[in-house]
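Next come two complexes, and both contain chain A; in the first it sits with chain B, in the second with chain C.
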Partner chain A sequence: MSKHRCYIQGSAAISAQPTFDGDFFSAPLTTTSANNLVAMEPDYKAFIPPNSLRRMSRMLKMGLTTALKAVQNSGQPSPDVIITGTGKGSLSDTEKFIRDIEAYKESALNPTPFIQSTYNSVNGLIALQQKSTGYNNTFVHRGFSFENALLDSLLQLAEGNVQRTLTGAFEEMTAEHFYIKSRIGFWKEATIGNAALFEHNTPGSISGEGSTFFLLGNDKTPHAEAVITGMKMLYKPSAEALNKALPQFLQKHDIQPGDIDLVITGRNGDINTDHYYRVLFSAHCPHTPEVPFKQLCGEHDTAGAFAVWLAAQILKRRALPAILQPYVSHLPKTFRRVLIYNHFIGEQHTFFLLERV
Partner chain B sequence: MAERVFITGMGLITAIGDNVMENLRSLRLQQHGMGHTRHINTIHKEVLPVAEVRHSTAQLAAIAGVPTVQGYTRTTLLGLIAMKEALQSAGLTETDTPSAGFINASTVGGMCDTEKVYFDIIDPEQHGEFLDYIDTLDCADCTQRIADETGIGAHIATISTACSSSANALMYGARLIKHGQLDIAICGGTEALTRFTINGFNSLKNIDKRHCKPFDLDRNGLNLGEGAAYLVLESESQVKRRGAKVLAELSGYCNANEAFHPTAPSPEGDGAYAAMKNALAMSGRTIADVQYVNVHGTATLNNDASEGKALLRLFGDKVPMFSSTKPFTGHTLAAAGGIEAIFSVLAIREQMVFPNLNFSDKMEEVDVTPETRLLEQFPVRNVLSNSFGFGGNNASLVISKYE
Partner chain C sequence: MEALKLKLKEQIIEALNLQDTKPEDIDDNAPLFGEGLGLDSIDSLELMVLLERQYGIKVEDPREGRKILASVQSMAEFIQSKQPA
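Moving on, here comes the complex of A and B:
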């Protein structure tokens, strides 16, 4: 797998920034004054017929639309293989069904929220819409949801039986779930908004949501954005294991720290877990420009997918978006290779390595 | 890619037994686990039969050997009991588990416990011990607790593709082994009964008020069950290095999507047919090599007709013996693929075919008859095990005698 080159042939992202159909590279930061970044939802009518739209909940609309747009952007036919990751699936459907059971005393329940709450309902819908009859899988493991979906895709592409996969992630935040997570300290106590995410030395972060899809393949197609050359997941690593893992990862891919032009980190302003990033990069690549990304999309289980999308856009444009420029003292000289390091609440840690096409 | 993937250990808990031996004994005695729930507060309590593990959650904690039940969901505890048996059966100890991976499956995670306190959780006026369950609702909580209790650390994942979840966990584990990402992958699923799923399937009018009757003319839906099952998968080279005892080979698998309907299978069983056909092709076996099919056989009107059609399409007039073991265990959703994979290993090891309980008359639309007798000393070398789910997700495994 270390020598396998997987092309991002097309992609799409719905996030709290104008990533879906705006000019993300020159756009100013879209801000919130709350501790919750809400996705900018596009006009779904361009992608989904009105009679289907009425029946679909928010997560399904967001997931399906991003998947369709990623295929469209690739200029390639839709693949047979669909692999996704989601930490929570369609939360609003899960909550609705729990409430319905209580409100209607378990009688005459509408099954739609139950069906849509099933974690693989987005995948089923994409397959149905795209007539994709191949392998179809959904990973649901917090900060390893998208990561396992990507690994599964890379392995299948490396096997050579599959030419392309549609690989993605989706996550939704609801007011109810935001409150639930606030009870166990996920979010900052003071309301700070995303613009000031890194200015408070306090525990917790701000929440986010979004949907990101990639069309991945073995061939360099005309619209190809970037190449994914490697990834490594580490579950609850000790400080020592993490410190060893990064040089091993780079060595496995035959690169030196100096070969990395830009590091993208999952820093989220939480003083309890941001030290992982600081310690690792000050030890191994102290001079490499580093930019964080969670001030753009908020913290969520599948934020790693957004980071991969961001890296691919940077490598494709060979430029840093205006909203990220303030984070670096000097711009990278070249944009050949980006390393991403993200962890979710200090438990699931992942390195991704991307190169330009 | 040449690495073969072997099954070297297994553990399970279901309504018909707390471990593999007890499950085998119940299958042999034809004792099913169907009854009425003692642990779930639902108006359907006396109406809809379920296959519930008889122990209370506190008793499960004692069996699993955790010091206190607080914070552990029933889903986690069922899983932990099955995991400990699987590790012991494979002869894996604390020194082996850090280099093993864990691929788990679940459909609703810790819903069984969170649904009981959900309205307290969302009420700012309420405080108390229920807050220990606040982050157990998702599917990863049980996986991480089981991994942390047993020291598994090399790779971790949770899959949720409805009723095919743990079959997909086995496939992913096998893929990680074939690519050299892992030498040992422990794969399967865990599922506890919940008010959420009982009402979900009931709202779909998919639950029979009687004991389910797979493949029968008079079938009218499924019965839900709970349980957990894990299989230890190892690469051929790892088996040699460790001198592990091989129980069977996972020789083929396929996951195919129907792209037909969000919850219903296609009438001609397109997905089931594709999954079985491709799994068999991967195993290098032909239809003549299959002695037994452990069918998905939920006893819903749609599944059995569609799966029956797929059997006829694949095997023609030579459909091998087949049975659904769901009348014994209930439909355990994410755990079903793992439980039935273990039953498939047992069919090979014990040279047995398990009976399809409650069958009397053939379906009108498909000319197939399940095996209703318990067969012993029957030569079983290759078993097809089917798991089909919502979202058109179809998975088939081929489990073969170690040769």
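Moving on, here comes the complex of A and C:
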């Protein structure tokens, strides 16, 4: 991406932590004794009429509510376009529909789970609520789903075709999907919980879910939280390519490693893939405070969206949440610039650069 | 007939997830769509599925469906007419 400055005019996040309506900055870590972090769901009735709510599945309620809260928090009018990313969409609807196909021999299938199992159903609901008839797209690219949604938004804003984009990501975990992923080694064999995520030198991580939305625009608005100044995606980079990519990324944005106040990484306790973070930052930013974020939200395809939300809140508050302070030996002197590095199972790697408003 | 209507109301509440609605809140002759329960076109498809799954009745003609799904009374009469004597 170029040096275009994209303002996060408002945001909202539903996660396993009290990020939606709690005091996230002073709250203790919400823990799980299992290997999956479950999102804390708010009271949806404040956002969605009861007659609409009754039909919506969990993922739709989470996605729509987060989107509406992000717009509300921005204090801005409805977005011109709606762009989201999801790795799996509404899994519970997909599973119900597939189960019914088998149970009822491909006949007498309920329309609701089918409609809601499509990836873009959250976008459709948001558009109906916001009376938005503009561009509406959902990217489904595993660990690059949110990143492509954000890229699309940044490009549209940079071209000046739109004033505001509603950009977000949503993901849910089900028991069936957790089991499937456990069979291919996604999760730790021992049950460890999120509080001890980095204490076990073993393969795998813990699962997560959540929904994160941003109202993005070219203008600095009264409630603007942070500025997204850069993003770089790398697919299955070699060690050499990755090692070159970070200094090139920083150089492109005219900054030195010393200009970064805080690094947020997607470390997830998996010994097979956490070395990417260690190698890269010991080589290029050895003295910059670094905090991981997946002990808060768990591993999932669109966890990068949570990292961007976290960085924006840190820059807005100019403070580090209490639950992240134990990870740094010293607090950053200032909170002007945050670098995020996240990868999904060592395949999809992304750098995000955010600055304070 | 009364037992069938009560059962049907319970099934409608469950199938459509009509929270805070009890069988006694549904008038036998009140319209299910528009006024009354305020159901919509997706609900009508859900009710078609209900008839097929619970009573083994498939409504082939959509115009016929409009009349059948008008109220709990009309649904119950239709089910009864399809059941063996």
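Operating definition for what follows: the second predicted complex is superposed on the first by the 356 of 357 C-alpha atoms of A that agree within 3 Å, B and C clash if a C-alpha of one lies under 4 Å from a C-alpha of the other, contacts with A are read in each partner's own complex, and residues count from 1 in each chain.
Basically, a residue touches a chain if its C-beta (ideal position, glycine included) is under 8 Å from a C-beta of that chain, and two chains touch if they have at least 3 such contacts.
Small disclaimer: the values here were computed from a predicted structure and weren't measured.
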Query: In the superposed arrangement, does A:L216 touch chain B (first), chain C (second), both or neither?
result: neither
Task: Kindly classify A:N51 by the partners it touches after superposition: chain B alone (first), chain C alone (second), both, or neither?
output: second
Query: Which partner, chain B or chain C, is in contact with more residues of chain A?
result: B
Message: Quick one: is A:V162 in contact with chain B, with chain C, with both, or with neither? Answer first, second, both or neither.
response: neither
Task: Return first, second, both or neither, reflecting whether A:P111 touches chain B, chain C, both chains, or no partner chain.
output: both
- request: Kindly list the residues of chain A that each of chain B and chain C touches, one partner per complex.
  value: 107, 109-111, 115
Statement: Within their complex, chain A touches chain C through residues 50-51, 53-55, 104, 107-112, 115
Task: Enumerate the contact residues on chain C facing chain A in the complex.
output: 16-20, 38, 42, 45-46, 49, 52-53
Query: Which chain B residues qualify as touching chain A in the complex?
result: 1, 42-44, 106-107, 115, 118-119, 121-122, 124, 131, 134-135, 138-140, 143-144, 147-148, 153, 155-162, 168, 172, 175-176, 179, 181, 195-196, 199-200, 202-204, 255-263, 270-271, 274, 389-393
Chain B-touching residues of chain A, taken from the complex the two chains share: 1, 82, 87-89, 97-98, 101-102, 105-107, 109-111, 114-115, 118-121, 123-125, 127-128, 130-142, 144, 148, 151-152, 155-156, 158-159, 176, 179-181, 183-184, 233, 235-236, 347-348
